[in-house]
Amino acid sequence: MTPVAIVGASGYTGAELVRLLLGHPEVELAGLYARSTAGQPVASVLPSLAGVVDGILEPAAPEIIAGRARVAFLALPHGEGARLAADLLERGLKVIDLSADFRLRDAAAHTTWYGHDPVPGLRARAVYGLPERHRAEIAKADLVAVPGCYPTATVLAIAPLLPLVGAPLIVDAKSGVSGAGRTPGLSTHFPEIAEGIRPYKVAGTHRHTAEIEQELGGARVTFTPHLVPMTRGILSCVYAPARAERGFRDALVAAYAKEPFVTVLPDGQLPDTTHVRGSNRVHVNVVADARAGTVLAMAAIDNLVKGASGQAVQCMNLVLGLPETTGLGAVAAFP
Amino acid sequence: MTPVAIVGASGYTGAELVRLLLGHPEVELAGLYARSTAGQPVASVLPSLAGVVDGILEPAAPEIIAGRARVAFLALPHGEGARLAADLLERGLKVIDLSADFRLRDAAAHTTWYGHDPVPGLRARAVYGLPERHRAEIAKADLVAVPGCYPTATVLAIAPLLPLVGAPLIVDAKSGVSGAGRTPGLSTHFPEIAEGIRPYKVAGTHRHTAEIEQELGGARVTFTPHLVPMTRGILSCVYAPARAERGFRDALVAAYAKEPFVTVLPDGQLPDTTHVRGSNRVHVNVVADARAGTVLAMAAIDNLVKGASGQAVQCMNLVLGLPETTGLGAVAAFP
Amino acid sequence: MTPVAIVGASGYTGAELVRLLLGHPEVELAGLYARSTAGQPVASVLPSLAGVVDGILEPAAPEIIAGRARVAFLALPHGEGARLAADLLERGLKVIDLSADFRLRDAAAHTTWYGHDPVPGLRARAVYGLPERHRAEIAKADLVAVPGCYPTATVLAIAPLLPLVGAPLIVDAKSGVSGAGRTPGLSTHFPEIAEGIRPYKVAGTHRHTAEIEQELGGARVTFTPHLVPMTRGILSCVYAPARAERGFRDALVAAYAKEPFVTVLPDGQLPDTTHVRGSNRVHVNVVADARAGTVLAMAAIDNLVKGASGQAVQCMNLVLGLPETTGLGAVAAFP
Amino acid sequence: MTPVAIVGASGYTGAELVRLLLGHPEVELAGLYARSTAGQPVASVLPSLAGVVDGILEPAAPEIIAGRARVAFLALPHGEGARLAADLLERGLKVIDLSADFRLRDAAAHTTWYGHDPVPGLRARAVYGLPERHRAEIAKADLVAVPGCYPTATVLAIAPLLPLVGAPLIVDAKSGVSGAGRTPGLSTHFPEIAEGIRPYKVAGTHRHTAEIEQELGGARVTFTPHLVPMTRGILSCVYAPARAERGFRDALVAAYAKEPFVTVLPDGQLPDTTHVRGSNRVHVNVVADARAGTVLAMAAIDNLVKGASGQAVQCMNLVLGLPETTGLGAVAAFP
């Protein structure tokens, strides 16, 4: 049993890590760490753990974490965990970072989108944690940058089709509200959002645009995220001009034939976030609109699992040399 | 007070017509008519009318309707009201038809998309009931074909921008579940849809594609509708290649400066269906993504009001020579 | 046209007052006033008013309000508007107060439940604004204390039955989330509440307990409020020991025969908040459980209309000598 | 690995059994059986299993099931699986029945509530599958009648308190819509239920009343179920006259100290279905309202897990002599 620490356990991705790792047969929790909620009982911050996890949330002191754990998950806001990551790496831990701090390989791009490079030089050591595209590098990494939720769905939907389509890509993506995190605000206050849909950060202003473009090799992307009145789930619809007449679905099937978590749905069956909810699974499909010369690729994931914490565990499995699906076998809780 | 009849009063667009016309100062209800629910008390089929509307739903006999009403609203499924429309027109009534039977001007196109032309020749007499684009014709019409919900939002978002953009148009639209009507089915059963989002009838297979293309003068459109877990509302996002560098929002402002129901939101404020819910209002805006050379035009409406019954009343006002906003002044019930 | 002011226009009950009064044929808005949002454009705080109401939210200066309006609605948190109420009354305005400041007739009781009496002596002048029970006094009042949402539904459900039932009363009430107001917090953050139901402030700790007991003449009440994942609506279920064998529904029918907003549903048809949503209507019914010797009375209202702003307008109509239903005729926006 | 069959796999409790048993380390699925959907691919009926479970749903032929499985779960509507249960028992299988066919010990009571006794005599062999109260009998049973969802929550909330309270009991319970099953109907059509709450089958007319009264030793119960706009979850609030002044929470703590799935929440923390969703866990608590002399006991469960399929697996574990928590360790998927 490998001891693992979760830092930022009181947020949604942190809570989801706790849930997944409690059910993982090869690891044991070596403490739950938090910042603003440190000192509070776990079960009062996360009532879903009442009767299961005793004790309190502890402050994230690197020397303590390093004395207990071999792997640390960092589920902290951007810019707030990078120094801790560096410290834990120095102490010999493997670090799985769920923030955006190390996702962009180019420091200048990071600075453009996020304001400053929190630990200069460290990003060279990070591997982008999308196993379906960087499996081998992840297995050798000691610092994994877990992808954003939108990039995960979008890249998995369209990447295998790039040889068959042109530019630009239009990405119209829809997310559940948990993607906005656990800090309350007017825009996520129930009555403001429960009975409507809205776009936000449109026209290339959302930071995930950079991450999507990086992973797609520099494609030009118009990215439009939306908030949908549901808690979990991302549906990404990617439109592109067709450069072939057929073969789109075959390309997906070929790309994902051996992938344990990605399913190309039968012809005509479309992804629905309901059917992946609570699981690490990805449902993809593609259709061509011959009348308009357009291709539409779609992917549905659970933003907190394959879009964050499940993917983080998948990366940890690779880093530890475990079978990639360990602890991640659950199917969606439908309905 | 003009006497008006509502045929198909037990469905959602019918119920919304009752609501709007009960509050209209210049008309009086001359009977509520239905098919499968005929003979049942109004208040048991529509409990929201308990204590307000007595009596039963009556069968839709044209001679009875013609003896009571000067205007008839037909809120029936496609193909099921056309014969009645013809009969009522012959008896001298004005007919406001909410079905798709007379929306497509071209009979061959109608046959392609809907299977057959229910009353050959009659469509020549119909006017497409989008007042913002066909106001003068509607005022002279005796048969109005009220637009579909998706076309209303889509056309109002993009039509004024056509001179500034290229092809193809990508329309990614999201609808509340009431758009699917009141007949229960597995796909709209609460647990199947309440916590997820899904696309349906993609790649040009949804019938509204034809209607959108007709109103946009033949533009090629890739249309993707989605069901969102909310009852009311449509958000239409229309993407197009930019053929200008600026002037997009100005074009919307110019087009809608005098329109009573269409508001171009301030720069940077994006449409949200929450803010038009229950009203006949339309919120539009546009942004340009200079990086990708793309324009995104957006419109939010309530699918049951501006997308159906409110627009029908707006058309009736024009037909009767009343001020266009009569009975339609309500703002959204927010939150 | 009577000029009326709305103070606290940026909250949910304030916004609902704006909506209702914009549609009222006998009044005109004489300014929208706010505290923390003063100075901001109306349409940015309440986007549902974009294109309809221009201008900014103004600070609530009594001399300005008094110079413009004859009636002032105060939609402010408890304790924050009482001084303003006193000031406006002195300047000759009628005040319709939606807070709890003047609902309890007994100053000591108010102090027990709310901490202090904001303007000692003023409560003697206030009338409890439940027209179905205090119509005549309201018509003569210049200070109306609009009832709480839970008391409105609860009192209307059970008051006519008190002669037929014993003690104690069990009130199990369920509310939409808008009842919690517009200030964001963790408990009303969408992901925390969208897919669950929870009780809160149980066992007589919710302040509305005092108000319910006052209006029911001192009955002992166990009151349990719940938050339900919906925006609007209150369903109140009131259980009591039966002291008669029949006559329960007849007692409701007799009590409400002439009430314009209260409908006793047909025997066997149960209240559903869906059917009153957006309207000032009340649906009530009662059933007896002979096996257990228990009576269950139920009422459904929209918490923001009959439970707050609609009832406030109803009271204003009485105060101004207008027909009580003026501007309040709308039926529920179903679905 | 014990081979187990699931009959009725296409409904919600059947689907949940598949999910739970796929993650169970000591059993293997020996076929998924259905009635109306027999012959269809599993992944088209349950898209959440796409890429995970191949093959088709098979007709429920007892000889086939008996040849493959040692345990059969029957997740069929009331009255439709009893004959199959008898047949499978005769062939030596253990049967875990999720219907109401064998829950009531008294045949006359069953006939009163359900119309007829489907296999006379068989109910004598059945054990009521609530492990917290009938653990020893379940371990020796070959026919287990898994309790209803409402009775599970209600009995667990109040049973330990019966010595401390009087009669009658008022049970005000709230359920997610999945409790109504997967067959579509108007009352569960999304727009009819998504934004409101309603009671149904009130005043002792819901069949679960009999089951609750049986398990509470004949207490008189007024039972009111409600449908809440959420997919999963039951919250049961049980009111009773207090016959003691204190000791209520202690009685719960004593009753559940060693129970693996039941947690008495800390004093003042109230059950919320959000915090048990997707898990087999039960959150209970109790408060006394000294002013009114009333006790309120509350329990929250997931209706599809502890209220159906999870409890069925818990019973199977007992029947097979496995540790009771095997395969059921997951905590709630929060949020």
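Just so it is clear, A, B, C and D label the chains in written order, and each chain counts residues from 1 on its own.
Following the convention adopted for this analysis, a residue touches a chain if its C-beta (ideal position, glycine included) is under 8 Å from a C-beta of that chain, and two chains touch if they have at least 3 such contacts.
Just so you know, these numbers come straight off a predicted model, no measurement behind them.
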Cα superposition angle of chain A on its copy chain D, in degrees to the nearest 5: 180
Rounded Å distance between chain A and chain D, as computed from the means of their C-alpha atoms: 34
Inter-centroid spacing, chain C versus chain A (mean Cα positions, whole Å): 44
Gap in Å, rounded to a whole number, between the CA centres of chain B and chain A: 39
Residues of chain C whose C-beta touches two or more other chains: 12, 178, 191, 193-195, 229-232, 272, 274-275, 277, 335
Touch-based graph of the chains, sorted into line, ring, star, complete or other: complete
Parts of chain B lying in touch with chain C, wherever the complex brings them together: 12, 15-16, 18-19, 22-23, 43-44, 46-52, 178, 195, 231-232, 262-263, 265-266, 269, 272, 274-276, 278-279, 281, 283, 329-335
Complex contact set, residues of chain D against chain C: 168-170, 172, 174, 191-200, 202-204, 220-222, 224, 226, 228-233, 235, 237, 239, 270-275, 277, 287-289, 291-294, 296, 298, 335
Sites on chain D touched by chain B in the complex: 12, 176-178, 182, 184-186, 188-191, 193-195, 229-231
